[in-house]
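Next, two complexes with subunit A in common: one pairs it with subunit B, the other with subunit C.
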Partner chain A sequence: MQSFAEKLQSTATSFGGFVPELVLSAGIVIIVVAGLIARKQPVWTALLCALVFLASLLFELTYWNAYATPRGLFSNMLRSDSFSAYLRIIIDISGLLTVFMTTRDPKPLRFHAEYYALLATVILGAHLLVMSQSLAMVFLSLEMISLSSYVLAGFSFSRHGTEGSLKYFLFGSVSSAAMLYGFSFLYGLTGTLDFSAPEFARQLIEHPSPLFFVAAAFALAGFFFKIAAAPLHPWVPDVYEAAPTPVVAFFAVVPKLAGLGVLARFTLVLQAGGHAIFDWQLVLCAVAILSLTVGNFSALWQKNAKRLMGYSSVAQSGFLLVGIAAFLPQGIHYLLFYASAYAVGSFIVFLYLHYFERLGFSSLESFAGTGRVWLWPSVFLLIGFISLTGLPPTGGFTGKLFIFTSLWDAYQLSGKSIVLWLMIFGLLNTVVSLFYYLRIPFFAFVRNGKHVATTNNLTFENLLGLLLVVGILFLFFNPGLLMGWINKINFAL
Partner chain B sequence: MAPVHHFLYLGAFLFSTGLIVIITKRNTIMVLLGLELMLNASNLNLVAFNSLHPGSLQGQMFALFVIVVAVCEAAVGLAIVLRVYRQYRTSVPDHVNELNQ
Partner chain C sequence: MTPLDTLQAHSSFFVICLGGALALPLLSFLLCFYVSEKYSWATSVLAPFLMMASTVCAAVVLYQAWNHPAFTWQRVWFSIADHTFTAGIHVNNASALMLFVVTGVSFLVHVYSIGYMAGDTALRRYFAMLGFFTFSMLGIVVSDNLLLIFVFWELVGFSSYMLIGHWNESPAAAEASKRAFIINRVGDAGFLIGLMLVWTHGHTFNIEALRALPLDPAWMTAASLCIFCGVVGKSAQFPLFTWLPDAMEGPTPVSALIHAATMVTAGVFLLGRAHFLFTPAALNVVAITGAITALLGAFAALSQHDIKKVLAYSTMSQLGLMVAAMGAGAPEAALLHLFTHAFFKACLFLSAGSIIHALHQAQHQSHVNFDVQDIRLLGGLRKKLPFTFIMFVVSGSALAGLPLFSGFLSKDAILAALVHWSNTGDAWHWVVLLVVALVSFVTVLYTFRLVWTIFNGEEKSTASLVVSEPPVVMRAPMAVLALASVWIWFSWNPFSFSGWIYNHIGAAKDFHGGFVSMASAAWVLLALAVAYASRGRKLDSRLLAQGFYVDLFSRKAIEQPTLQLADLTHRADKKWIDGFLHATAYAQVIVANLTGWFDRAIVDGFVDGAAGLAKSIGSFTRSFQGGKIQLYIFWAAFAIIIFIIWTLL
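Then we have the complex of A and B:
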């Protein structure tokens, strides 16, 4: 047993690996206070929020080498390693992009300080979630993300926004209550909340009881809700349709990647190196197949662009789960690569959906003829959609190639037929997704419209969009640069 | 002291009651009540299981945190219900379906 002084000492040293999160926590307080002073100037709170995210990002980058040696923080509640650091970097960049998108809205943002404080809270929750290795921390950080997201979903202050917020809340709260019930049994059966502890895995292997399966399935329900995977997806299209577009872009990346990060850790423990009596690979493959199929086929019938993106997000969760379902170290590396390509592609699409939404285009038909008038925005939107589909020459293609390669390796190793089925469904669904992803570009470039407006090509969107498009093309032409960085990440528990 | 499994039965009963309330009752306020039952079932489990592992207080600490989170969840939930009531003049989720039409 440690003495009190030793515990105090270890807590004090833990703060060294916790700097970005401290910055975010302080930032939330400062944003709320700044909102009281600059009531009518949303510019200041936006600037402050962007600075907080930038500071957190810079700290991640400066500590990058220190993260290479994993260590537990705060008596193993959290774990600082390069896997979580990589995801935290993507999360911070997504936060920055969301702030930029929000400031482009011509309408004055109501309750701007609260809005930015909630954004920063979700980012902080996502940071903690990818770092957590204790069931208590997982629950707390997941609720931190969820509670702020319920409020953010209603930030359009319209009837529809309120409805989306209510549906999000009902689904989210019930699935997190079920997850907590699962956690309580996992704690009872193993005697520890630290799921990376050796005794957790040992109890899992030594005392196989059906209760384990039920408890872990309940626990997984919470994660699947957070990443919008199939059996728990009905909230997705409603929330995506009703929430403000910058918030939707944020939801499509931040909570999803945070949930995937913790899911990758948690399922690796459950699988226990193949010694577990229940085949969790089967469960993950089944969920991935279901997400792919439900997401893609429902997206085919959609008429609203944001609703379509909601179903696309469900399908993308299926593709991201493929990286975890392979249960191979390189699967995790490829998952990180695909997640980066997905984040960039998704932000390109939402950036321009937001741009066109402000011009009054939201249904698919209304995009008719826009390609002739708004040439560059439409071309960039097309590249974003191509990347989400997974066609060359974009990073989405490279990412899909990588994760399916690792899945094929997993099939060669295990010979399980469900893995082969996942492969077949994944490839077929890529073809299906082509039909709906290319519908907006089809309307934009092929159909004729009656737009006569002249446009300025030198907008902020085009500058930011160009940057992202160059990024996604770079991921295709030179994937080695990012992969070399990712390959240094050590994902052992 | 009563054996641990009695508490687990009570927990399971509370959890299923909460779930049934959420599924069958149509009012959002009743859904919030059912949610509290589900969360408290987990709390009961955590505290009961802690007596099996007397070396630490992890389960009891977790239960304390869950109580705080449950309060936050109820606060956010009630705020959303209030907003829905202002806009739709109802708190029944089934009557709030203008999306997807």
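Then we have the complex of A and C:
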């Protein structure tokens, strides 16, 4: 037992590895206060929020080398390492992009200070979640994300939005409850909240009991809820359809990646290097297959672009889970690569869905003929969809290739048939996804519409979109650069 | 001799004249074709004028080239690998003389045609093809190269086809031109094979170069016989002669040209040109073929009723004589007869044309209709057509070989050569000599019969007609040609053939023909007496009238089986090949339908099924999405419980 002074000392030193989160925390307060002062100037709060995210991002990058050696913070409540740092960088960038997208909305944003503060809170929660290695911290940060998300989901202030928001809240509450229930069992079974601690794993191996499986399954339910994996996905389409598009873009990336980060850590512990009694690989593979199937096949039926993207998000969770289900070090690396490509592709798509939504196109049919008039937005949107489908020449293809390569390696190692099934389902679903992802480009380029509009190609969207498109193409043509960076990440507990 | 020497030996004036003689007929051909329909009358002035210019040029060439070293001019034509083909002109005494005769006769025929063809609807084509015909023949005459000769040889065949079939609206003319063309092709196939043989063994087509080469006799026998096939076709020798009487369907001036200068003589001229290629064995074949042809032609002429057919068979017979002389190794004699024959036969044809023309005109005026060419219907025209009568008698005398006429000289030369040949060779050579003697006897008979039947006796069908002599443009050429049928132009001495032509158109051999001349003159006069004595007799022989049934035989034995074979193959083609194609087409359609059905029902069905399956899976997975949050939570919890149970059990 450490002395109080030592604890105080370690807490003080912990702040050194906590700077981005401190910046974010301070930022939330400043944004709220600024909102009180500049009530009518959403630009200022937006700028402030962007600055906060940028500062956080810069600090992450500054401390990048320091993260290379993992260390526990605040009595091992959190863990500072390059894995979480990488995810945090993506999260920060996503936050920045969300702010940019929000500012493009011509409608004056109500409660702008609250909006940006909530955004920053989700970012902070995501930061904490990917760093957590204590069950309590996991729950706290997860709830931090969740509660803010519930509010953000209703930020369109429509009846529809409120309904979606409420559904999200109720469903989230149930899954949180289940997770908390599971956590309590785990604590009872192992006697520690720190799931990275050796005794946690030892207890798992030494005391196999069905109760333990039930507890862990309940705990995973919370994560699956957060990453929108089946069967905890029913909230997704309603929320995606009703929430403001920047928020949807945000949801599609930030909570998902954060959940994935902690899920990767947690399942690795559960698997206990293959010594676990229960086959968690089986569970993850089953969830991945279910997510892929439910997401892709349901998406085929959708007529609303955002709802379609909701199911796509479910399916993408399935693909992301593949990286974890491989239970291999390179699987995690490939997961990070795929996550990066996914984030970029997803933002391209939402950026232009938002653009077209502002022009009044939200159903798939309404996109007919837009490719003739809005050529570059449609082309960029097409590239984004191609990346999400996983076709060359985009980073999505490279990511999928990597992730299935690692899955194949896993199959070679374990020889489990469920892994092979996941492989087969994943590839089949890639084909299925082609059909709905290319429906909007199909309407845009093949069908004739009656749009007469003069377009200005020099818009902020196009500049940002071009940047992202170049990025996604770069990930295909030179994946070595990013992979080299990712490969330096040491994912060991 | 280098080209420079050649140029020095022959002035540039000579070269220009040679070029003019060759090019003007071609120019006439081109101009006549490009003259517009409106000015088609201009061709009947233009073409004879150009032909006259050509004749003048040819006369200059003849004058300057005569007894001079041969003029040669050669250019590389094309090369294949390391073989170079040259094309060139070679003008020696024989070709210069031939050049003059061809252009001259052609010119006279052109002039004659102005009258004869007046009012013809296709005058432009007529004169154009006449010019082209002449040009093609000149090409054969001056070429120094067998391949080039072959090219012009074919052009002659083509233009004769065009001219024989000039009145192509008449089925008989169309048929005759087709037959002439096809029968000539048969001979030309042999010619072509001969050329291949020559090339294989000599690696050159140049005649002078071939002359210098040592060639394998066995192969040369084969090659020369093959070339002789071409001659047989072109010069209407046995057995490919049947086209010649048929070709009488063409306009009479064209017949005159074909028989005198431009077509049938080409074969004889080629024999003279390539005489060195012929081995003794081949020459024997040539001599026998010539003799047979001469005999057949003479006897066939005896019982023809058509005025032009008589002349046609007589030409065939005369050609046989020339070929026999060639075979007997006397090309000079043959060529001499070729030249003399050119004039008197042209005159005979033009006279016949004059009769036909005059009677046609008369028929037009009196609306009486009968076949003006059938000599059985004619008679006593001496009074109505005195000029034509004289022309006919003069040229007929030349044909019969009466003394003081050109035909006597050349026939003498042939007989003398044959006598010499018979004395030196095998016994059967005498048979050839006897045949030729018999032919010259029969020649007198049919010529006399022809003249007597047309001009003497009582008028039959023509009695009621008012007949007038043809116009001057037609009479003048006849007069010129008749004038050229007397001995004086060929030799000073009317009883000695070794005049300026005979002695210089080749390596002439003097056969000391004094005795032969006397015997020949006596023989001809005897024949004339016999002819007069038997003038009332009619020789009605179907065998002779049908040209010894060679035509019938070729129709029955060659054409009909060929046509039957063609019909058979056509039917086989229709039934089996087409049937097979139809069957495959049907099979293809059936297979296409099957695959189409397979595609629609199975492939598309599978795809649609897959899509339907995907959709139904989708609608199943979506069906949990009722919109009620209670249900969402229920399903999620249910799924997790199922999951746990499934994993644990």
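In the analysis below, the second predicted complex is superposed on the first by the 493 of 493 C-alpha atoms of A that agree within 3 Å, B and C clash if a C-alpha of one lies under 4 Å from a C-alpha of the other, contacts with A are read in each partner's own complex, and residues count from 1 in each chain.
As a convention for this text, contacts are C-beta pairs under 8 Å (C-beta built on N, C-alpha and C of every residue); 3 or more make two chains touch, one makes a residue touch a chain.
Everything numeric here is computed off the predicted structure, so don't read it as measured data.
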Give one of first, second, both or neither to describe whether A:16 is in contact with subunit B, with subunit C, with both, or with none. neither
Should A:174 be classified as contacting the first partner (subunit B), the second (subunit C), both, or neither? both
In the superposed arrangement, does A:198 touch subunit B (first), subunit C (second), both or neither? neither
Just subunit B (first), just subunit C (second), both, or neither: which does A:166 touch? both
Just subunit B (first), just subunit C (second), both, or neither: which does A:187 touch? first
Once the shared chain is lined up, is A:213 touching subunit B (first), subunit C (second), both, or neither of them? second
Is A:238 contacted by the first partner subunit B, the second partner subunit C, both or neither? both
Scan A:283 for contacts with subunit B and subunit C and give back first, second, both or neither. second
Jot down the residues of subunit A that show up as touching in both complexes, subunit B in one and subunit C in the other. 166-167, 170, 174, 178, 237-238
Per the contact definition, I'd like the list of subunit C residues that touch subunit A in the complex. 614-615, 617-622, 624-625, 627, 629, 632-633, 635-637, 639-640, 643-644, 647-648
Mind pulling up the subunit A residues that touch subunit B in the complex? 135-136, 139-140, 143, 147, 150-151, 154, 159-160, 162-167, 169-170, 173-174, 177-178, 180-181, 183-185, 187-188, 191-193, 237-238, 241-242, 307
The subunit B residues in contact with subunit A across the complex are 8, 11, 15, 18-19, 22, 28, 31, 35, 38-39, 41-43, 45-46, 48-49, 52-53, 58-59, 61-62, 65-66, 69, 72-73, 76-77, 79-81, 83-84, 87-88, 93, 96-100
Could you please specify the touching residues of subunit A with respect to subunit C in the complex? 166-167, 170-171, 174-175, 178, 210, 213-214, 217-218, 221, 230-232, 234-235, 237-238, 278-279, 282-283, 286, 293-294, 297-301, 432, 435
